[in-house]
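Structure first, then comments.
As written, the chains take the letters A, B, C and D, and residue 1 is the first residue of each chain.
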Amino acid sequence: MTTLTNPGSSVRARDLGIPFDGEPGGLNAITDVAGVEVGFTTLVTGEGPLRIGEGPVRTGVTIIHPRGKDGAFDGVWAGRFSLNGNGEMTGVHWIDEAGAFSGPVAITNTHSVGLAHHGILRWLVRHGGFNPETQLWMLPVSAETCDEYLNDINGQHVTEDHVLAACDNATGGPVAEGNVGGGTGMICYEFKGGTGTASRRCTIKGETYTTGVLVQANFGTRRDLSIRGVPVGRHLKDNLLWERPPHVHAQGSIIAIAITDAPLMPLQLQRIAKRIGLGVARTGTPSENGSGDIFLAMSTGNEVSDMGRDVDATLRYLPSHELDPLFLATVEATEEAIINALVAAETMTGQGGHTVHAMDHEALKDVMKKYGR
Amino acid sequence: MTTLTNPGSSVRARDLGIPFDGEPGGLNAITDVAGVEVGFTTLVTGEGPLRIGEGPVRTGVTIIHPRGKDGAFDGVWAGRFSLNGNGEMTGVHWIDEAGAFSGPVAITNTHSVGLAHHGILRWLVRHGGFNPETQLWMLPVSAETCDEYLNDINGQHVTEDHVLAACDNATGGPVAEGNVGGGTGMICYEFKGGTGTASRRCTIKGETYTTGVLVQANFGTRRDLSIRGVPVGRHLKDNLLWERPPHVHAQGSIIAIAITDAPLMPLQLQRIAKRIGLGVARTGTPSENGSGDIFLAMSTGNEVSDMGRDVDATLRYLPSHELDPLFLATVEATEEAIINALVAAETMTGQGGHTVHAMDHEALKDVMKKYGR
Amino acid sequence: MTTLTNPGSSVRARDLGIPFDGEPGGLNAITDVAGVEVGFTTLVTGEGPLRIGEGPVRTGVTIIHPRGKDGAFDGVWAGRFSLNGNGEMTGVHWIDEAGAFSGPVAITNTHSVGLAHHGILRWLVRHGGFNPETQLWMLPVSAETCDEYLNDINGQHVTEDHVLAACDNATGGPVAEGNVGGGTGMICYEFKGGTGTASRRCTIKGETYTTGVLVQANFGTRRDLSIRGVPVGRHLKDNLLWERPPHVHAQGSIIAIAITDAPLMPLQLQRIAKRIGLGVARTGTPSENGSGDIFLAMSTGNEVSDMGRDVDATLRYLPSHELDPLFLATVEATEEAIINALVAAETMTGQGGHTVHAMDHEALKDVMKKYGR
Amino acid sequence: MTTLTNPGSSVRARDLGIPFDGEPGGLNAITDVAGVEVGFTTLVTGEGPLRIGEGPVRTGVTIIHPRGKDGAFDGVWAGRFSLNGNGEMTGVHWIDEAGAFSGPVAITNTHSVGLAHHGILRWLVRHGGFNPETQLWMLPVSAETCDEYLNDINGQHVTEDHVLAACDNATGGPVAEGNVGGGTGMICYEFKGGTGTASRRCTIKGETYTTGVLVQANFGTRRDLSIRGVPVGRHLKDNLLWERPPHVHAQGSIIAIAITDAPLMPLQLQRIAKRIGLGVARTGTPSENGSGDIFLAMSTGNEVSDMGRDVDATLRYLPSHELDPLFLATVEATEEAIINALVAAETMTGQGGHTVHAMDHEALKDVMKKYGR
């Protein structure tokens, strides 16, 4: 089964009565930021034992167009932070250097991240194409987390067509969560994980800004799971995974993408990217060695004059001392996006008959109640 | 009043029944790591309105000798991380480059950090002195947080003699907390803050290692305070500070120093330093713009062959995939050190009659109970 | 025409009498470091106007196995430096974090760097394969420079098979230079550029170490070219390229890979990587904005205990104060590798009939003589 | 003898006929950038054997006000780069974080860098003072190189008054070079070194910008010295220093400060700071381990809205693809500033009777001629 369309979201953390701080945007999703489009290709085929190259397949690719498909060549200001670099996000040399990049962002599995990079370029060549007067090449952003427990990762099942499809089917509006796109085969705190999103609004000097976060959540050890301060992982101890062989435990990662319409400079976006890590910390993890915890923040609040594009080279920014509401918005949206991934994901059986169970919503509600939430 | 001796610790977070994870060392302090010595000079003089240069004075200096006074020239491997660089920690260029430094570490107020740097060098010249065959100069580590709300910071009251005294009076054993040394005039989550410490033991491949943390806690907005997941700051709302003029709020910082006896490479110590930030995040802050959240991690588990010192140039290290217990130990010790600072600090009135209140221990216990702790 | 074998080197800078400092290894190549193997796939097909997807093709892929094909899963300690990040080198998050990586290194063109990443993983799966007890995934290093002036870069002509072939055909011994592998379609100081290599020996505390460098040289403006201090670019002014339309000039890059058998820690390898930039500077460039000047340094002098590999976790290193000979060796080998690329490369006509001329050896000798060299 | 006034410059590299590229500003000095003021305190007292604390003294302090004395609280955008971090430059945490700082910049000797930091704050308190509504504290930039060969560095002879004097006596106009201010006791390529400056103009999109550099040059081994590509150090071999005991050779450093009036973002200023390193490389050094090669770049082309200062939060910047002339200007000005320091410095005898000889101007001219310059 291959899902090429965005199914829309299902149960979310707030539906279970979990309390969050701050004011979300209308969709409580990264697409609350004007212009952002998200697309998925979800690959779920085969059952039974692993035969490398044949499956079973439990993977996919997620695409984010920060300025929509039509703005793929326009560029956004950006900054990144690696909390624990056991992972991949391409394109960071230029983001570190110039604080900007263009093209869609892909998130997929660890052994398809190169192909997703390749596919983005193919899509760019076909849709619009490079302008020989200005932009002769591009350095795409492609990121990954590892789904080897459920997916035939070494079969490298994501193809160019899958990437093109996710680029093409991307839309604004509600965003699917859980077992979708790159998040299809992911595991979070030893529960089924995957894709999650959330957003926050904040007001600075009379202007309201929206900050959205999308995560591919594939990290954490159950024992450490904390939801809104409640040590959930100490109570929900069924179906633990890391005690089983192979004992290469905690092989997770989290890729998080934040987009804000607040006008920020690149260095300021590096600061936003660091705050993603504090949102991750709120869910309890000490950021384990096996985890690729890599974060990207972008602003659509200014055009980018770069790589031959000669728009007006003036940038609005928020003074440093006005940034705290954005920092808090980023922490809160990240935290909620992760919990949304945990709540939306459904139990999945993959390669080798491995099963990863979804978090039990009723059990979660019971624990939260016990701690006064 | 000038306190030159280490008064020993008073009430600590565990005394109030606050539950923590992990196994602390015997003192639950940075001095649980063999060889570590801590010294303080505490300066509390004058009352009434601020007269720059005359006081009132509410400040001091904290000194940490990672290998004791006698090992001041020996060096430790080190790594650092700046979560939010609105502060100062000198010596980081060489720590970034070589992953090592020597000499004591000073923590004081923002406008005395240069003098503390100067004083460390004076102390080194007088106690042992530089060896013209090997070590011709040193690049001391001096860090700071800002006590301007209570202290005549612009009077720069810390003198060379104060630094020398703290270097000299440093000892192992219990460590004073709260209004002591560099932490004397500090504020944390709008409560009185200051110095705090904690430690953790963990076992890796049959070896037990001790990791200690000392913080100078001067950060945070009350609303954000979370203690072991309980939103304490939403309940204890007396004596808020940041709503008062001057409205330059959240002018805090946290300097945290971690020392472990686990044998680690410099890059691995950078990773430990990053985990300090996750421990800070557990107390609720989004790391505000005005905060200098700068962290240093060291290992005493190997000698350092550097700067002319020709010890055996062999380093033991822990494989990356064995580091998780140390990461968790660092997060937990940092979290507890901050809460210890909050619990130990006592109400203080300083310059301009400004008063910062201590956290009410009974009220804290009530809130914790309400949330099932 | 596709060349899958290593043709061996042709004319080199020393053959023209250009004087260099330091003592090279036996081959004056990166393969002087024991165990290093280099492989190429060179793609030269088609003529005439550009038709995207059909050619003309002037590109390829270069593969470096730091520990040979048989040591692909063993890992090397590593550090990297980006002098100007307008380019791509994947795998750097983990190199920054853990100071190590495993697998071969690929260098290709900008729009095939993802496919080369993909191909490395395919090769690893087929040759040895991942051990489910230890290494479940890998984060390959794939780097690029841009050959769009001569090559149909948007046709993405490098295939999985091309990458596999370069991985397989890699050998020790002499290394081809100029229009070979990833360097096939490259331009350097407006002359034909491409692949170059050199090495240096140095002795530290009685031990002799070998440091080799391989560059894919595709950078620089003629005016700035300096060879051994002689302003060659001011004299050899034929066939300039950047004054022609399209005026997107200086679209170059240099990827440089240094390998040493000296035992170094990761932080020390970051320092070696920085010195590559000083070698590049000796050829005159100010490191232009359009250039992706990204450098990787590795040491084979210690085994790596990481990612589940439990070799003895002890590391030998050189004290900081002994590193200068290695720094100089790196600078000198980088400088010579670039000049070797310029000297070896032959005139090439590619897409759109674009021709890039080789540097005239006799004219070069004349200029050198004029300046006393 | 204490010199508190700016003596104006003496012999410069161009006076000897050394050819440089590019167009300098009117003074060929950092003060060609409008508003920049430079001040010195030069300390030369005592003769004979070293008695720590008593001398002989050969040191000083250099002050740069990027926006003049009157603009000390206004802030400049900034970025920094450490080529080899064996040195100190305070204030970099906030420069890395916010890309801005305020206050004057000090350069002095290694063991007085803390006192210079202290002195800057004292000067700020006295001259203008902190505004309790906006700027409660400052994080000064104080940097150093090591003059222990000539100066009683452990006597820490720079006082608060010396720093205040250099802050106060700073002016625009010609800048003294050689044995002046912080450069008084410095050594460069085993010749007498010290303070040097130069500037370049470049035109981008019709606007002319000025970039000035000031160096405190105290680095390098004679053998490596290259002037405009000529291997001067191989020919001028008198009075070598590093072969004499103590054999702790190459104990140098270079601090370089670049200021431009081009409007740049902080990330772009980090790129400028990196180019300083390429200018240093042109003089031949491989950036030795013992050298603290730390560079700071600032732009006065935009106001800074930060730390409570609410100026219009709009920033002009140059698109990345327009930066090359500024990169080249920085490289060229750095190179010339270093040669100017070498040419201006005069032979000095200091502590212990150590003598460091000036470079012989006539001998230099002879070597240059031999190589066609």
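By definition in this document, contacts are C-beta pairs under 8 Å (C-beta built on N, C-alpha and C of every residue); 3 or more make two chains touch, one makes a residue touch a chain.
None of the values given here were measured: they were computed from a predicted structure.
Most remote chain with respect to chain C, judged by CA-atom centres, is B.
Between C-D and A-C, more contacting C-beta pairs join the chains of A-C.
Each chain gets a centre from the mean of its Cα atoms; for chain C and chain D, those two points are 35 Å apart.
Mean C-alpha positions place chain B and chain C at a centre distance of 45 Å.
The centroid of the Cα atoms in chain A and the matching centroid in chain C are 33 Å apart. In chain B, the residues that reach two or more other chains under the touch definition are 84, 97-98, 248, 271, 308, 320-321. Put simply, chain C touches chain B in their complex at residues 97-100, 265-267, 271, 305-310, 313-321. Residues of chain C touching chain D in their complex: 83-84, 224, 226, 228-231, 248, 250, 271, 274-275, 277-278, 281-282, 285-290, 320-324, 327-328, 330-331, 370-373. On the chain D side of its complex with chain B, the touching residues are 52, 82, 84-98, 110-122, 125, 129-130, 132-134, 136-140, 142, 146, 148, 153-154, 156, 246-248, 251, 292, 294, 308.
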